[in-house]
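Note that chain A is present in both complexes that follow, paired respectively with chain B and with chain C.
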Partner chain A sequence: MQKNDKKIGVYVCHCGGNISDVVDVKKVSEEASKMKNVAVARDYMFMCSEAGQKMIEDDVKSLKLDAVVVAACSPKLHELTFRNVIKRAGGNPYMYYHANIREQVSWVHEHEKEKATEKAIREVRAAVAYVANSEPLEKITVRAEKSVLIVGGGIAGMRAAIDIADMGMNAFLVEKQPFLGGMTAKFDQEIFPYGKGSLKLVNDLIEELKKRHIIVVFTNAELEELSGYIGNFLAKIRIKPRFFKESCKDSNLESICPKKVIDPETKEVRSAIMMPPFEGAYPEVPAIDTNICDFCGQCAKACSAIDLSQKEEILEIKIGAVIVATGFETYTPKQGEFGYGTEGVITLSTLTKILSKKGYLALDGKKAKSVAMIYCVGSRQEKGNQYCSRYCCSAALEAAISLQKAGTRVFHIYRDIRSYGKNEILYEKASIGGSLFLKYNPDSPPTVIKNGGKLTVKVKDLLTEGKEVDLDVDAVVLVTGMVPRENEKLNSIIKVSVGKDGFYQEVHPKLKPVETMISGIFICGTAQGPKMAVESICSASAAAAKAASLILKGYTELEPFVATVDPNLCSLSGDCIKECPYNAIYVYEYEGIGKKAKVNEAVCKGCGACVAVCPNGAIQLMGLRNIQIENMIVNAGGFND
Partner chain B sequence: MPELQVLVFSTNLISDVGIDSAGLMHFPYPANTTIIRLPCSSMLRPEWVLLAIKSGFDGVFVAADGSDCPYLKDCTERTAKRVDLAQRILRENGIEPERVKMAAICSVCAEPFANLIKDFIGNLEKIGSVRRGR
Partner chain C sequence: MLLDEIKKMGAFDVNACCSCGVCTAICPLSENGDEFPRKMLRYAMVGLEKELLGSPQLWECYYCGECTKSCPRQADPGGFMMAARKYAITRYSVGKIGKAFYNKTLAPLIYSFLSVFSLIGILLISRDPNGTAIFTIPEIYIHLAGLVLGTFVIVIVIANLAIMYRYISGTRKFTKNIEAWVNSLIRVIIKEVIVQERYSKCSDRLRRYAHLSLVLGFILLMIATTIDYITATRPISGIVLGFAGGIMIIFGSGFFIYQRLKHREPYSIHGDFIDWAFIILIFLAGCTGFSLDFLTGLSAVVMMYIHLTVVFDLIVTAPFTKFAHAIYRTFALWLKEVQIK
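After this line comes the complex of A and B, so read on.
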């Protein structure tokens, strides 16, 4: 047994009401002050604030505290913050326990305030029991691979790869589709800053990629497996064959292919031959879509560039970090949702594609004289997608300006126009160009009726005292937003948390905006949630910088939470050696003691599986010794006080 | 009967994140719970379950990593072995083996966690508190 004469400080956070509105923090602090070894217990409005941190720092110095407990939010947010406070005060950062009384107390027990307070006291009791038996520890340094895997070759993925390369690291860019560009390359629309098309942006990024030889691009490829840990990941990449040896400009190839399908994304008829979709596309080599192709061989007879014997490849690469930039999908309205499925009712993405090709909207060969746009379709719904998709208001206004230029009258039927920031210029332009705005209440949304070839939108316009207005139009455009991509396979490989909305979840929107719960894996772009192109690019650069900050030094520091053997207790049963999934434990000749088990610290990942099977309790985890857990179990409830 | 108290073992990277997500979503579950974090549920020494019951907890809920475990592919099987052993130890000590329950809680399993804890406490109520008569 260790001596238990440690001086402990306990700090209970209000979190500005997030905790103190439910938990009686004064009582928690009062109870803490009565606990064994506790020299000081305080509560404070924001423990993570500068003043809060200073308070702890000063206490550690002046009261010569050995260990600290902070009862606050989840340790995932601020454990590191307070470990650093102790370090700054000259103490050891591992003489610390972070009790979670927000996510695991106040936010879930709002309706049982007294019981919530009791639970907070139990959590603090457990924390005090832990630190009473804590010991000073040092970090373990491990080598880190100076290379990054980027999953997704849209604008975010390409930007991240360029930034990684510019910091001197190898970048591996993996794109599932046969060509780079992602959703931004699907339609040529003006995007902010205006005057530049989305395809131009994609082309610029592709040109930048080509200039950097330390970027390796895999298209038609997927992440198949990921093992290891930060600094030392091993990724398996599955590269599907393109069945083309070289580029081929024969545009007849597509018509030679007898297979025809409607592309789910572009809604256009295409064959199994996928030619580069735009000028400057990367790679220039076409590909065959194996989901459609039945290897009839007709194309191979017509073109010598085709080689149907190409095989799939699996490549293993060593990387230090991973950036996930898998993007979004557009929302597809349900049949009958605002008349969807009726002729003349189209989505914003369809309109954009038509406009980028023709410059005007025509249905049945006649140019549309008037168009009604219905906003917030599939976004901001009470049931369904509750979020705002951010880009759609600006994109719809942009499209309206093009329509107006082509002589089409536009009616905007909206809930709120959120052309925020500099995008406001679009609202201004559309208004001056003759757009008419009608505001609807979500409780009585507009209806779309088709009567004898005539499309009518009925809307109760809040701007004219809720009067019902009937608009006869040639076309209705549903302003649809973004939805998360279905990435079931990838999710099972990278194991990054997915939020309630289906997008990848960051650890904290302000504190760790591109970090995930898995250290060494970062997220960016619309895979994380709806974003404008500019915002996607920004987050991609942020993810690249964050990845670099962890591995660019060529080493990374790991927590010291590894297993350790007390050779005096070890009976060399061999149980731990068999149990270890990483072969981190071996037999070692200890001087004066003899052959006993020993742990290789760099290989041990700290899972603790060995701890459970040792018959003598000889193998224990640093930072979470058996006595610490046992002390927590015995004291947490306070049943025997 | 004193109010039942449940000790929950969570895991730093997976199930504790799932339990946090219940908080983020304000998804309530009973407050008569206390949570202790482990790196991986396979670290659980079977005798800790007996220690918890002897210390006054009426039940132990092991929120295991399941197939999402970042450390072990067979985490579920390994944790199940520990829980099996723990049940044997409880039985040997004249304690109902139903006082320990294991379930895999993923990092977004807010609702499943809340429901499982409610069910577990419901089942414990049938057995009663270990502190009855005190």
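After this line comes the complex of A and C, so read on.
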């Protein structure tokens, strides 16, 4: 072993009894003071308190400590605190190890105090071995492009774009459909509890977008390729032609188009001409649906604004961060699921569309006198979607209130009503308005029977002692939830991990709720999981703020725990390049050495996969070099030298 | 829909019910296993008619109004129980004749017809033995008419009880021990009819005494009439009992009329023709019967005519109207006593 004359300070925290009630902290500190290289060892009631921090700061200055070990709580809580203490004292913040003797010792070994103390000593010994072999590290600085790409032009995407623009950055908003608005624009429904129609919300966001000239909107466009890393992404956008140079004066274009299809959802006939779907839609220019159009040219004859020779374009843009806001899809029940496919059995999304147009429900010309709503269809299933779709209870109650206003009796056949927060008022309103709630056990779900034109729902109602109740109704509404959008292509481009449920996954639901494992790529809205409109908007603003915090300075700082190649040892086997899950390693021409592997520090996540596969031991992980880990293991085992 | 039918009888606010169960919790009479009113409301709301009509609990309620006062949704569960009882009376009655009595147009016509029918009958059997132009009714005819009327009512009541039994036996099983049936009947008659012990659990004391006074008054009058009939004279015991019974039903019915007029308590807010007819007829029967002891000559004869007509109306309609609750409640409580849990 090399000669090592580092001076180390060890600080053992009582955590106000959390640790000291179990671990003999005095003994730990005493043992630590005997360890090699340890210049000072102390214990204190609360090391994180101002006095505790001051104590370490003073020691670092007066004793000229090279490294510090604090044995306390989880590093998640205070690692950063003590790194900053060292920094303030003029030391290198990476000459530090945070030994966790609370979560890993005192809390879990409450009844074995002596052994707990011994374990704490071993942890401290390992930590001392770590810092004894540490070397000062610096944060990695990467230049950052002050612009953000937002994928998805729904309410979340639009909100994020507006917020990005307001922080002075360029926003590129890419929407797959020919018009902005996403799912929210498909329903003309009131968004509770703010008394705002969903279309009004979409229109307001569009108006805000238009006011900001640093927002560039691409509709009919898709992300085709994404390369680079945080601060320096290069995105390729494929823009499909609209075939319209401007709007046509002839409003009869839709009837001129000979191609007619029936929309599977609304059952309405439409042509290949896609007119702006609502007033105030953006862009105001129509588009041609190339899935239907066969380029017969009849429309172009009728209107000179139509140019069928328009070609697809691919645009390259430089961006510093990406926000993914691709939204959700509504669950479509399987044939026969609660009678789905039978006449009179519809989904909640169909009901809301009908209600937004007519204000009442009439399926065969007659206004429905009674409607049964079956909740949790496609959500909270033992096999299948296990999650709660969050919005459906409130949306169903909202629809029930509209139905009741139109004189329709509503039976709610539910498992649990989760009209959380302010939405509880909806439950109250529907209930007082005459809604009848029948609770079913998921083990014996309700059945829907159609007998001679008559719909009957059979339900074992837990609120009536589980007796079977027959409800004769005119329509059955299946309260369907949200499912993740199938987007294989985008997933392979952005490489954001997808959860078991199929939604994009954040790093941590509370600590990093809009961040992904890929630095510089953020998620928001319902692409991440079921959300209400309000929550989607909030997460969009959060994602925008997080993106800004990384790139707004024009550069971004990254932790130095990355792999580094010793070109003198590298034989360019190529194993590391294949193994790296982040494509962070590439071949580089070293001066005087030749072509060897090199790590792009901005892309590297410090996972260590390359270290494990390198046949020559040419790669080391900074801050976690083999020598550090080996010494930690040896010392934790108690075999120091 | 079942609920719509019941709502015609009252229970106007029942849609506001959220099945929370506060009514059942506050009810001094509701018992474990046979809870009410929540369960009754629930049956009606989800359309379980057989369960509703097969619930003896409907008849356990004295409509004290505690549930209605404490309902967080102002769904008036007490009013619902009353309406459900009215509905049950129509459904338990043979050929659903009871329905006509709860029809706001038909009911007054029926009462008018019955009164005219009674008066004509009385006039036909009246005689003027002394030639003083004062027509009296020979006692033999009155007794004969009473027997015919009584037999008619008893037959109908038995038929109604059979229907009620069919419903209730659909929801529970009964013991096969005959002795238990007999003992239970005796117990129910003493505890629930004569003493009305359960009623004492309701907070309104005065109302319980008024009700007790009505029931006991009827019983005393029945005994007095029987004594008169058997002895064929008017012994002092008959006179005293009749006098006491008369006062008691005048007090009882008078109290309920006063409460209804004052509209203060929940139970007296709703009330349609049939409810008024029942209570006013009792009051009139009491007053006219009582005054007979003090009147002589022509006025006594006229009063007698009125009294007989009122009594006829009251008795002939008993199996189809509120009067029937006396029998249904007793029967329901009896069945509850002999049910196997």
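Here is the rule we use: the second predicted complex is superposed on the first by the 413 of 641 C-alpha atoms of A that agree within 3 Å, B and C clash if a C-alpha of one lies under 4 Å from a C-alpha of the other, contacts with A are read in each partner's own complex, and residues count from 1 in each chain.
Simple rule for what comes next: a residue touches a chain if its C-beta (ideal position, glycine included) is under 8 Å from a C-beta of that chain, and two chains touch if they have at least 3 such contacts.
These numbers were taken from a predicted model, which means no experiment stands behind them.
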Could you look at A:434 and tell me whether it touches chain B, chain C, both or neither (first, second, both, neither)? second
Which partner reaches more residues of chain A, chain B or chain C? B
For A:461 in the superposed arrangement: first (chain B), second (chain C), both or neither? second
Contact-wise, after the overlay, does A:469 reach chain B, chain C, both or neither (first, second, both, neither)? second
The intersection of the chain A residues contacting chain B with those contacting chain C is none
What part of chain A is in contact with chain B in the complex they form? 74-76, 100, 102-105, 107-112, 115-116, 118-119, 122-123, 126, 229, 495, 497-500, 517-518, 561, 579, 581, 605-609, 611-612, 617, 621, 624, 626, 629-630, 632-637, 639-640
Using the touch definition up top, name the residues of chain A that touch chain C in the complex. 431-434, 436-438, 461, 463-465, 467, 469-471
Where on chain B is chain A touching in the complex? 5, 7, 13, 17, 19-29, 31-40, 42-46, 48, 51-52, 55-57, 68, 70-73, 78, 82, 107-108, 114, 131
Along chain C, where are the residues that touch chain A in the complex? 15-16, 18-19, 39, 42-43, 45-48, 51, 73
